[in-house]
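Below are two complexes that have subunit A in common, paired first with subunit B and then with subunit C.
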Partner chain A sequence: MYQEILQNIINYWKNIIDDDAIDITPQSNLMDDLSLSSVEMLNSLLMLEDTYGVVIPEKSLRHMVTIEDVARVLTEIVQK
Partner chain B sequence: MKHKQVEQQNFGTVTELLRQSCLNREDQLLFIEKRKDGHRITNRRWEQELLETVGKVRNLEAQHIGVICDLTYQCILCLYAVMVAGKVVVPLEADLTADSLDKYIHKADIELLLYNEDRIDGTVSRCETLTIPEFLARPGKALSQWPTWEEGRNACIFFTSGTEGEPNGVLLTQKNMAFVTTYGAERPLNRNARALLFLPFHHVFSFLTLTACISDGCEIYLSGSIKYVSRELSEVKPDVLVTVPMFNELIRSRISKGIHNSGKAGQIAGLIKLSNALRRLGLDLRTPLFRKLRESLGGIPQLLITGGSAVSVESIRFFDDIGIIVLQAYGMTETSCSISTNSLKKNRHGSVGHPRPYNQVRIKDSEIQVRGENVMKGYYKDPQATQRAFDGDWFRTGDLGYFDRDGYLFITGRKKNLIILSNGENVSPEELETQLLQCDAIEEVVVMERQGHIHAEIFPKGEEAVIRHAIDSLNHRNPVYKRIVSWELRDTPFDKTSSLKIRR
Partner chain C sequence: MKEKRRLLWVDKDPSLYSSNYIGMFDLTKGLIMVEIILSHCINDYLNLLLYDGGDNILVQLLLSPLTLLRYGPVPMLFMICGYGVRRQRIKKCIKNHIKIFLFPYLCVMIGVMIFVFIKWGLFGGSLVGRLVQQVLPFLFGFHPGAHLLGDSLEQIGPVWFVFTYIFGSIYLNFVLQAKQSWVQVFILAAGTAVALILVGLPLPFCLQQILICSGFMYVGMALKREKVPQQKLPLYIVLIIYLICTVSTELGGLAEIGNNVYRFGGIDLILAYLAGVVLLCLHQRLNVLQGVIADGLRWIGRHMMWFCCVHTISYLAVPWKKIGAYFGNYPLIGLLVEILTSFAFAILGCILIEVGIKKRIAKKRASRKDIISRYGD
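Right, the complex of A and B next:
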């Protein structure tokens, strides 16, 4: 489950970030390495909510620093 | 869309404002909760439930009541009921850790904290707590009539980022909280206007916007979450949006993407050129020319009132070209929100408009200073900070600025050391520096803004891995907007002033 979600998130960002110079890995820091704005982070959460049919509570945002964090938090929510 | 001049009213107190807003509007719709599938509340029900809740607040021993703010009707009931009961409400940010709430509870002498389930991370032990549904389910007798209070009675404590690293509690009165209705400038918030609110109420800007909407008899749509606003816009089709610059950028990127995807970018660029040329000749055809474009964008209103931090002229022009007006406003918690604002008739891009009629503004040593009845009583239990914040009876904003020859106020920078992010959040670098200095591997640190993010420059005295760990754990504790996004180590200590403070 976790691996599938992780891959899905990486693919999503690969599609959005049109820059081959940026290597997107599970350890990529969303705001630093990928230079995402908070708006783009919100949009990506929306996409994940739609894909998995879940609601991601605002308070879990704080725990999402890297791509792997996002995958971990989302896996927990989906499994609940 | 009709822009009606709303009469200037002075209610004296927020309690009086609420009482009058309920008159003759019994069946009018007031709140619509998106979170609850469009749950609707009329004015009659609001008045009845508010007075019931006031009765319950009166039964409490607590005089200072904290409310964790979310965009729910029940939370709004609690916020106003405390003030109408003559007690002091402390609106607080949702989703904070229990640890970080402690300092607010302590600073504002909160005796009881009301919250909705899941909106606090951890368990608060420093004061009594109750969930909002539990509290509202308590038995209690509704007040048979509205109480009256003196104008100077304490009503609210809002927290702002202090500049010495500790948050300041800004004490506002019953009168301060009613000031927003003496706006004076044109507002499109006439009766039945639709407003979609999505900014959190622990900020005075958002709270007073809510109060203005209640006072004016708007239909108030409460957003399900900031995540869903784009979607909700097309359902609600609001007449006006009160926004922060970050949100304008979200809309702007949506518009640009929409234009790009439609394959009509060239055509629209041509229309903008034509329309701007006609405007120079005094003919404004933006409404008909761009109607289709706006309709295709789904629910973006023709008016955005934006505050919280600086809006770029480029962004204002982008919207202006296609007939969406951005009115930039300027204010602080300490001045009960608005100090100055642009209006439909007087809107100068890049400026924050003319001062509101109820306050005087002067420039002293390049600093913007404000005097008037909208100015706070002081910082709660902090006479020294209060004293430092005033020059006689003039409140020192800490912002640098000037008036142009037509009386428009411009802001050029800040005297105080404060990071103001595009979502309107203020972050004190000293607060983060103090937190970082608790790490043994950090000798000196300066926190600053870099490309819209928070950046830390560190002079280390230990291992990089330890520093990395400290920053990671801090980022997990703090709210997202305080996240230290990037950091770097330096080889030499910082330059110091004669008093051994780091020269920024």
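Right, the complex of A and C next:
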């Protein structure tokens, strides 16, 4: 489950960033490495919520620092 | 059992200040958005509430501790925008920004035009004149308060921020193509100097703001690298910058980036930079706040761009001055009505936009699934 979500997220953000110069790995920091704008971030969250049929609580956002954090938090929410 | 939610409480979780995370500026952006709407509403009623408006000694006393807010909010917002800037191919950058941001901007223009028709139907007057006055600034991005051929153009309202952000990001991306930092700083500083020289001219496409605000975004990129907003600023630095801003304000200094006004030129701009950084650090200290009120503010902050767009429509299109005249004897009730209506309009607009986006995402997903089921992955 976790691996599948992680791969989906990486693919999604690879598509958004679309830049070979930026290496997107599970350890990539969303703010520091990917520099996603707030609108890109909001659209991404809406997309993830829709794909997995969940609502990401406000408090979880602060734990989403890297891509693997997002996958971990999402996996936890989906499994609940 | 359902957990009882508190209105406001303090969360001392250290993860709040340990790294850059998504949503770290939501509360700050929400607070600034609330402040912007409140200031627009209060402005409409200031003269009705007080006989001598802004010159009233009571108003001066109330405003005196807020000098940082007279310099800092716009630079602070652009510094936050700097967190989302990355060097990318120019073509890709232009395509990205046009795709994401130009559509909401055009929606605002169409929304305002619809209200111009309604106002024309209600109050009469020259429709062509009204449309030209209102649409021209939108098409050519004239900043609020611009004069053209002796006539004062209608303003494009708070959405100038979105316009400046779109083209400021593209310009900054051009600058970032230069590899050395000193070259980047030099180009941005030269651009800022040119903007300050041209400040009185009614140039299209918010040109002066683009040149100036890209500098704020560049500083935002540096703040992100150094994680400055996560750190506690020493109190003496806050006090010194506050005192300088207060003295400058007392002497008549003013930096209104939206209206392209810098009374003391470069000095006001430097103060705007300093006040922006200090305000950002101070606002981030409030990130410990949790609860229903803080969550509401964060929701507003997360939807800031849409909030700004919808508020622009209500701010420009609704004849608040005429409505205010009905409350001539009861300005406080009028003010309350304007505040509540403005917030209700903005919140409702954001909810509708979010529902629309969710539906579009669901539709896209469904059509993708359909294609995969028909033709395989």
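By our rule, the second predicted complex is superposed on the first by the 80 of 80 C-alpha atoms of A that agree within 3 Å, B and C clash if a C-alpha of one lies under 4 Å from a C-alpha of the other, contacts with A are read in each partner's own complex, and residues count from 1 in each chain.
Please note the rule applied: a contact is a pair of C-beta atoms (placed from the backbone, for glycine too) under 8 Å apart; a residue touches a chain by one contact, two chains touch by 3 or more.
Just so it is clear, the structure is predicted and the values come from calculations on it, not from any experiment.
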item	value
Comparison of subunit B and subunit C by subunit A residues contacted	C
Contacts of A:S37 with subunit B and subunit C, given as first, second, both or neither	both
Which superposed partner A:E58 touches (first subunit B, second subunit C, both, neither)	both
Touched partner set for A:D19, first subunit B, second subunit C, both or neither	second
Touched partner set for A:L46, first subunit B, second subunit C, both or neither	both
Overlapping contact positions on subunit A, where the subunit C interface meets the subunit B interface	29, 31-32, 35, 37-39, 42, 45-46, 58-59, 61-63, 65
Complex contacts: residues of subunit C adjacent to subunit A	13, 15-16, 19-26, 29, 80-81, 83-86, 88-89, 92, 100-101, 224-225, 290, 295, 298, 302-305, 354, 357-358, 361-362, 365
Sites on subunit B touched by subunit A in the complex	94-95, 118-119, 121, 225-228, 246, 249-250, 253, 423, 451-453, 472, 475-481, 483, 485-486
Of all residues in subunit A, those that touch subunit B in their complex	29, 31-32, 35, 37-39, 42, 45-46, 49, 57-59, 61-63, 65
Residues of subunit A defined as touching subunit C within the complex	17-19, 22, 29-32, 34-43, 45-47, 50-51, 58-59, 61-65
